[in-house]
Every structure is written in structure tokens, then in C-alpha cells.
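Here chain A shows up in two complexes: once beside chain B, once beside chain C.
After this line comes the complex of A and B, so read on.
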């Protein structure tokens, strides 16, 4: 009897110690698994990117058994889907474990089921890509038809993501039930927003993918191409905005703590999240500005819906610099810009996300430009667009993720960030920044000169205009080469911190909010997610009901599956 | 909310609204809107359907032309187009197989050509020269060779 008691109290003591150390072992294992997959995807996807850059510049030729277009399909799926999804889920689950007092056991099980569904789905999708049976890019526009296995894989990945989304909802809802009258912790609030978007944003593409499974298997004879394309983009742009919202969560909640300050107004932070969630999904329509089958008035309305996403981002820009200035002044920064020097530039956990934010200034401006009708027509499907998303996803998002890794990986591995590793991180950040300046800069410019995206090396029969692109392609290849060096350093850093760094305690750094006026009640209204979801669905309906009904009612005869590779 | 933030957000809102006004003015008053033709066709019967049963360059008015063009992996029909300088050319486009792009490098001509749909876009070629037309939507293994030229004399 006594021994049992001792055993039980020892166990609870162990749990208490874990709690104090700031990490629950089982939750840490979950996040570590997600991070491991994310950074392996970065390594493989990075090399595939390098091969493309070198081929595009005419420096190498990819073999016929693994063509440029196969490489491009795999690069897209690995980096815009696997790296980002696995990182996002690993990061938010680690944070939810922290702020909600642990992940519930059945939610943890759901996250593991989600993990394996995604892995199995990914393997299903990759096999036909390697076999050259799914060389359709990660946008898989019909009537190009891949092997049914490819679409089945994609469907499994989505279901895996949904498992994690529902798990997060259950965990947050349970916490709220147990803590009546309290606000959802800010980090969990961001997580809720991200998972709401992940679920609702992927419903359209799931319908598309299910139709494509039947169509590619020969059960459906033809497919409505415009409906598929529209359903895809209701998801495609939301997805990148979800990765962006993930990065934004770290800007608002983590970065202020790292620089020794307090975070921006809690209420305004929540407003930004709510706005990003409500306005997001119809934003994808701007990918179809030069499509046939829909009128100019509709396209004009969608310019507005796309630009609406810009507003919360401009709110964020103010919030970030406000936090930086206040913190810098508290540390003794004087004058107009003295505070700027007081920021911890030698700390990779700050430097990487700072450059990520700075990159979002030109990246966001470029986005506003290309989302407007006439300007979109200048750059649509040119390398400009590729330059744009390497600045947004490839820099603003990914560099924030890298910055997060320097405390998150030690946190979940019960290790510490050493000064040497910090130095490696600084070097990595600089290499990444310079590499992206070359690559993204060259892509933007050569795109304005008309060079198309998703096209292997070509001179169009030595046409003068196409030959004029070549010098910029060399700059692109230089950038790509620097980036692969960055990838290798980053992957080394992650696995070193996971398995070899000195043991110790690293906190999950969430900042306290700035001082609120006396007696101000917390903004409980912000936590009414049911209402925000209804508003979001209203905006989605405004954006999509009319064009989709039009495309279905006035549909041309459909297209049979076609293989052109 | 501090005063500086109010100013910032007012400016942000103003910039977005300014964009909207300019885009709307250009699209509807100056008729510079993006190609948005709404006419459908059976993608499996392009060769039998007018006007695509007879692709080519047709003069439609005083220095105005229509180019009826069929896109397929990995070519444009007609190939090699010639028009006089200053000509206003309307391209009427459709595809026989997958989605293709119709972009004329160094101009603002840029349109998606989707199976089942007819797309139209107009351009006035002021400067003589040899313009490069290219497909900017991945369409298969020969996507990089899908291009042609328009000679403006």
C-alpha cells in the first residue's frame, strides 16, 4: 500500500517537474516528430529547388527519368505543403501544450493519427510523381490527369490535417469549459484561427480532389475545368495565408518576449486574427483575374476582397514597430531612431523573424500590386509571381519558422541554444537573406520582362526577348546556390539542437501584454469563434456563390482526362 | 489607440481605397479590364466549331484584325502572324486539350485559355517588331517550346 502511494506521488512529482520545466514529454515527442518531417522535407525540397534553378539558368540538364517538371512538382509539394503543414502543426501543438496545461490524451491520439494519415498520403502522392505519372504540379489543374493514387494521397493529407484541426478545437473548447470567464490565451487564439482556416479553407479543394479521383479512375467521364480551378484557388491562396498567419503569431506573441518587451494590445491583436480569418478565403480569386468564363464586375469585386486582407497586415506593421520602439526606448534608446540600435541584433531568435517581417514590406506591396486587375495582367504566370511567393512564403514565413526553431527545438528536446549555435543561426539568416535577394529579385525583374514561370530552360528559337532573360537566370542560380547552403546549415542546426546540444531548460517564450488601462475588462467578445465563423462563411458565400453557380449552370461540355507529359 | 496608429490606419485604408478607385476607373471607364470573355465551346469538337474550324488572320475593319487561334500541346495555330504597325488586333482563343497561356512578352497581353471556354483579348501594336508569344501555363513535357511570333511591319 505504502509503496503504491510512493509510486503515485513520484509520478505526480515527475509530472510536476515536467510542468515546471515547461514541457510535457509526450507532447514534446509529438512536436519533435512533426519538426523532424518538416526539416527533412526542407532538405529534399531545397535540393530539388537548386536543381531547378540550375536547369532554368541553362547550367545543367535534368535527366529524362527525372524531368524538370517532375522535380518542380515534388519541390512544390514538399515545401508549400509538407514543410509548412508539419511545422505549423508541430509548433502550435507545442504551444497549446504550454498554454492550455498539456494536450488532452485523446487529442494527442488524434494528432498522431493525423500525423500518420499525412505520411501515408504523402507517400501515395510521391510514388506517382517519381514514376512520372503525376507530373501535374502542386496545382494539378485538370484536364491534366494524374494517377488516381496521387489524388487519393492528397485527400489523405487533408484528412490528416483535419484530425489535427479538430484536436485543437477540442483542446481549446475543453479549456474554456474548465476556465469560465477567462479569455482564450493569445497563443491558443492564434492556433484556433489557423486551424479554423485550415479546415474551412480546404473544404473546396477536398470536393475537387474527390471528383478528380473518380474522374482519373474513369468513373466520371468528364470534369468541369473552371469549377475545379476555382475550388482549387479557394484553397491555394488561403493555404499560404495560413502559413503567414502562423508566422504572424510568432511576431505578436513570441518576438516581444525575446527582445525583452511586452506584446502589443491584446484586443487589437485578436482583431487582426479575426480579420485575417474572416476575409481570407475569397482572396484566392485573384489567381483567376485573366481567366475566361467570369465577368469584369465579379473580378472587380474580388480585387476588393483580396485587398481587404492587406488591411490587417498594415495593422500588424504598425504593431510590430510600436513594440520595437517601446522596447528599445525602455532599454535607453534615445532620439528618433536610437531605439532601433538597442534591439538584440546578435540574437538569431530576433534577427531571423525581424528580416522576415522586413521582407513582408516589399512582399506585401508586390502582392497588392499583382492582386489588382490590370497590374495582374502584366505579371500573371511570369517569374514575378515565383519571386513574390519566395519573398512571402520563402522569406517572411520560412525565416520566421527558422527563427522559431532556435528556441522551439531546444524547448521540446530539453536542451539549450548555445552561443555557437546562435552564431551559426546568424550566419544562416544572412546567407538566406542574401540568397533570396538574388533569387527573388532576379525573378521579379525577369518576370516583368515576360519570362514565364514553370518553364524549363528555353530560348524560344533564340528569340531576342528570351535571350535577354539569360543574365537574370544566372543571378537566380546564384541565389539558389546560396539558399541550398542555408538549407544545409538550417537542417544541421535543427538536428543538432534536437539530439546533441547541451541538456537544459529552454522556455516557450510568450510575452505578457502591455499594461492595459485600470479596470479594463478583457475583450471576451473576441472569443466568440462561432460568430467569426458565420461571418467568414458569409464572406465566402459573397465571393463564391455567384461565380460557382454560374460556372455550373452555364457549363460547357466537360473535359476528359488528358496526359501531356 | 494612439493617434499615430489612427493616422497610420487611415492612410492604410485610404491607400487601399485609392487602389480600388484607380482600378475601377481603368477597368470600366478606360475599358482596360482583364480578359473576361464568357462564351463556351465543346472542347472535344473545336475543329468542327466555327470560327475555330478555320483559324487564321482576318481583316475586320480599317487597320483592325481578328486572329482566330487554336491552342494545343504544344503549338499555336496559326503559327507566324503578320499585321501592319498600328493595327488593333483581337485574338479569339480556345484550346483543344489542357489549359494554356497566351502571353505576348513585353506587352500587357496575358490570358488563360481554358478548355470549354473562348477567350478574347485585344492589343494595338504601335511599334514594329517581332513579338514573342508564349505559353505561360504549364501544359506538359513540351511546355517550354510552346511559343510563336507576331511580326508587326
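After this line comes the complex of A and C, so read on.
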């Protein structure tokens, strides 16, 4: 069996010091709180997902006091907003504490204020959802109008996230001032990239949400629907890449350490982060390929923008496999594929992120298909899309998060991962994988047959085509049932590791870089974040000036708020 | 291929009639993509001339000032609405655009940028930032169509393009001022 505590045999001085210092208690408490919320969101959101799956298969019918669409709204918000945001912030703050020698006291206070702003915001958003006054799905497209409280809640959540982003900037900037001439540690570099995207990516949606508050409160009479959708997706798409970048941070910096290897070229890693940050935001248009009010030429231009993101992804795939191969060969793997067998398959901290990466191959291919105009028209608003993002965020991202939890939770709780818990983790990973294969596979296929997304169970008056979807819906429900088992195991594992596992020290496993050629200077230019931000903003204006001016100047009459449910 | 080769390839690519037509069909892309790309092509091609005629640059562009002046004048010339219009209607002007931007902007920019002092660089950067602000306001505020070939909405878009660029430049200046202070 592969031992759970795989580590480089020789530890550098830096690591020894880190280990002696251990984890800063107050920072650990912060991260634990974020993790707790994240995994409670997973538990509730998971059950809501199950109900949806069962309803769509015609096995249950959701009651009139908690309709399918209320459930769907809550499922979306809990999982794509709460789970991911809380996990990302908790994870990066734990890492920043580790690599920057502790979170600064006032930054910690900011992160706590951010925490409570988000919680209050979330409560504000949930109340109208439960009261059926905000059944607008997580995309809250106007002209569907929710109660103002819902939008106020969203605005508070965003402000809470900004607190954490600025806290991270302050912490990194302070560290740089105290360490002149040194490179930002790679983990903090990823964190900076993620928080830059979180902040700049959410400016557009904040403008939208503020307008929506006034509009739903009756102060603004009408709203420009196209502009709202465009602003939403400038954020929605960026959010997707924030999760992706978070997962990628673990693939580049953590996974190599767990398999006992070294990480990929430091400079190239930084280039990948910079590219993802610069090219990201205008990609949002690929969510609007079927929207009216935008010329074909413009949509064509934006296909290019979204494909640009494929490039750093391919670099990542290459980097990962080169690290795996090198490590496998160092461990004595021979021949063409012998190294593959030498990887620690019995270690959940490796297995979960590995499956996550593997899932990204079909998920990314599906994404490239969707971004193509004609193919998008085939799958748009069908269950294919739902299948796609359960593969990307529901597998690639979430499974990486799960893999992280098996060392991060023990690390911040001053406990250890026991072999039993590792085994539970392996089982959980397998259940999740099989469940997603069923659910996402069925969704993809039935989407091609035309089954719409965001639609509760209906046979369209027993129409033959709609009846033909039913067998796949049963597969979907089977997958969903497996997944809920996975959710329960995962949440159990997290809270067990947080409160009941044996006490001990678990390190925050950041790999050392490959040996750089002698005399090679560190790539200090990569740390010029001000420059990357300016370039990012230039790309954003290149992408958005043309359509936004057109949508605003040539706007049709705006829409009043409409309650469609 | 050498740098100069890449530059030449880019220039030839941009000159292919359908490509040129595509870029010129949208006003902002004409000015903010085609023209800068032409300058960039010249920036690369410059290495060829620098190697071939070092004496020429030595003699005429010793401290970089003449070159940067030439660049500024020619580049500003192409920001006048009238010149864009003429490029579309008068073939000779279109040819002049494809020659002047690479060879009278890109080449001298390359030769000068590494010769001029930091102070001059700052002046050039600040001037263009101000110019972009001014042009942005001009194109947004102008109540009439400034080009025969482009609609008012194109003009407005271009104005916002200028303004957003100027804002980005401003952010860079602020960032630069701050980090420079830190470095000293």
C-alpha cells in the first residue's frame, strides 16, 4: 500500500521551520469557519439536486410550497456561489497564512467582516427564495424580477468577497515590501490571480445588481435586458475560471508534493496564471451565442476570445503529465507507461485530483464544442449544458476540492488523516466518479435528443419524443442517488477530520520547483501585477466597448419587472 | 525566421485585401487594431534596417529624439478622422498608410525607445494618454458624423475605446509612480 504521508525525503530548512511553526491558530479558525459553511452548503445543495433529479425522472413531484424552480434556484446558489466562494477563500487564506508567515491581524479582521457580510447577504437572498419571491435561478436574468431583498443579499455577498480580495492584496503587498527582491511564493501568486479575477470580474455584475435593486423596488421603471445579461456573464464566466484557477493551483503546487515529486517550471506556471487572468473576462460572450441584439461578426470575434483560454489549459495538461511521468520514473517506473503504475493510486489526496484532471479532458472538449456557433445552437438550453457543467465544476473542480479537504482540514484542525479515513475518501471518490458518469453522461445524451434544461417533469402531453427521454432520466436519477451518497460521505469525512480525528501535525504540502538551470535569475517580471491588471483591463475594453456601446445606444425599450411564476 | 521576417509576414498578412477590408469595416478596429498592428510590424522589421544601415540611424537618430518625434507626428496624423476616411476612398492614401505606419512609426519607435531617457519616455507616454482622453471626448461629444465612411455609432464606439484606453494608461501611470517610489 502506498503510505499516506508521502513526502520528499529530504526536507529543506524552510520546510523544517514551517513545520516547527505549525499553523497559526487564529488563521486556522478563519479557514475552518469558511470550510464549515462550504460543506454545509454542499450537503443542503446536494439534497436539493437529488430532489431535482428524482422529479425530472418522474419519480417524485415537488410540492407547491417548494416548487422545482425554487429548488433549482437554491441548488444553483448554494453550490456555485456559496460552496465555491467559501471553499476558495478558506483554502487560499490557509495557504497565504502558510507561505507568507501568517495573515496580518487587520487582514484577518477584514476576512471575518467579509465572512459575516456574506452570511448576512446569503440569508437575505434565501428568505425570498423560500417565500417564492425570488424564483429566478442563479442567473437572475431580467425581466424576471425577484424581491429587492434578493438583490441586496447578492450585493452584500459581493462586498464580502471584495473584503477578502483586498485583504489578500494587502497581505501579499506587505510581504513584498518586507522581502525586497524575492519572488512572490507560487501559492500566493495563484491566490493573487484568483483574487484579481474575483474583484475585477465582479465589477460588472455589481453594477447590474445595483440597477436591479432600484428596478425591482420600482424606482427605475425599466431595465436594459441585453446589458444586464452581458454584465452578468462577464462575471459568470469569470467565476468559472476562478474555480478552475483554484483547482489548477492545487494541481501545480500541491499534487506534485503529494506524489513525492517536484513541481513544473516555476516561470511557466506563472505564465499560465497570467494568461488565464488576462484573457479571461471577455470570454463571457460564449454564454450569449444565441442572444439577439449582437452581430454575427462580433460573436465570431468572441469565439476567438473563448478559445484563447484553451491554450493555458493545454499547457496545464502537458505540465501535469510531465510531472507525473518524471515522478513515476524516479520511483522506478520503466518502459512507455510503467511510470503510470508507480503513482500513489491508494492515496485519496492524489486520486481525487487526478480524476478531476482526467474529467477535464471531455469537459474541456465539450466546452470547445459549445463555443462554436452552430454546435451551440444544437445544445443551447438543453440538459447537455447541465451535463457539461456537472463535469467541469461538479467534477473537475469539486473533486479537486474534495481531494484538498483530506489534507487541508487536518492541517487547520491540527489532526491527521488516518488510513481508515483515506480509505473512506477513496470510496467517496469512486462513488462520485461513477455517479457523475451516470448523471452527466445521461444529461449530455438526453440533451442531444432535445430535453430542455430548467424544466420540471413533463411529458408534453405524452409526446413520443419527450417519452423517449425517460430512460435517460432514470439513469440521471440513479447517478443523482449515488452522488448524494457521495455528498454524505464527504461531509461526514470533513467534520470527522475537523473534530474527531486523532491529533497531530499535517503539513500544507507545497512542492519545491524542479531544479532550475544554474545562475538562472528568478522571473521577477512575473510579479508585476499592476502591469497584468492593466493588460487585462485593455483586453476587457477591447471585448466590451463595441457591444456595450451598441446595446446601450441602440437599445430597444427597456423592460418593466415581470413575475413569471 | 528572424524578427524582421515575422514583422514583414505580419505586414503582408494585414495587406491581403480581404483581411484589410475586414479590419477596416469597423471603425474602432480600423484605428485600434489595424493601425497598431502595422506599427508593431514595423517595430519588428526595424532590426533589419538597424543591422543594414547602422550609420544612418547613428547619424540621424543619435539621441532618439528625432525618431520619437517622427513617430509621434505620424501616429497622431492617423488619428485624425479625415485621414481614415481618405484611406478608404483614395487608394494612394491607403498605400501611404501601409507604408507610413510600419516604416515611419514602427521603425523609428524601435530605434528611439531604447535611446531616449526615462524622462522623455514619461513625456511621450503622458502626451499620448492626454491625447487619447481628448480624442475620446471629441469622438463622443461630436454631434455630427466625422467620417463619410462610418456611422455615428461607430464614432461613439471609437470614442469609448479611446477613453477606456486612456483610463488603462492612467492606471498604469499610477501603478508606476507607486512602485517607482518603492524601488528608490
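Note that in this section the second predicted complex is superposed on the first by the 545 of 565 C-alpha atoms of A that agree within 3 Å, B and C clash if a C-alpha of one lies under 4 Å from a C-alpha of the other, contacts with A are read in each partner's own complex, and residues count from 1 in each chain.
Convention: contacts are C-beta pairs under 8 Å (C-beta built on N, C-alpha and C of every residue); 3 or more make two chains touch, one makes a residue touch a chain.
Fair warning: this is a prediction, and the values are worked out from it, not measured in the lab.
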Partners on chain A (chain B, chain C) - clash or fit: fit
Partner chain(s) touched by A:345 [first = chain B, second = chain C, both, neither]: neither
Contacts of A:537 with chain B and chain C, given as first, second, both or neither: second
Which superposed partner A:449 touches (first chain B, second chain C, both, neither): first
Chain B versus chain C as contact partner of A:177, first or second or both or neither: second
Which of chain B and chain C A:500 touches, first, second, both or neither: neither
Chain A as apex of chain B and chain C, Cα-centre angle in degrees (nearest 10): 70
Which of chain B and chain C A:554 touches, first, second, both or neither: both
Greater chain A contact set [chain C / chain B]: B
A:546 touches, of chain B and chain C: first, second, both or neither? second
Contacts of A:116 with chain B and chain C, given as first, second, both or neither: neither
Chain B versus chain C - smallest C-alpha distance in the overlay, whole Å: 12
On chain A, positions contacted by chain B and by chain C: 554
Complex contact set, residues of chain A against chain C: 177, 297, 528, 530-531, 533-534, 537-538, 541-542, 545-546, 548-550, 553-554
Chain A partner contacts - residues on chain B that touch it in the complex: 1-2, 4-5, 8-9, 12-13, 16, 19-20, 23-24, 26-28, 32-45, 73-74, 97-99, 101, 103, 105-106, 108, 110-119, 130, 132, 134-145, 147, 149
Chain A residues touching chain B - in the complex, by the definition given at the top: 67, 69, 72, 135, 137, 141, 143-144, 224-226, 229, 265, 268, 288-296, 299-300, 303-304, 307-308, 310-311, 314-315, 318, 322, 368, 372-374, 376-378, 380-382, 449-458, 460-461, 463-466, 554-560, 562-565
Chain A contact footprint on chain C (complex, rising order): 26, 28, 32, 153, 156-157, 160-161, 164-165, 167-169, 171-172, 175-176, 178-179, 182
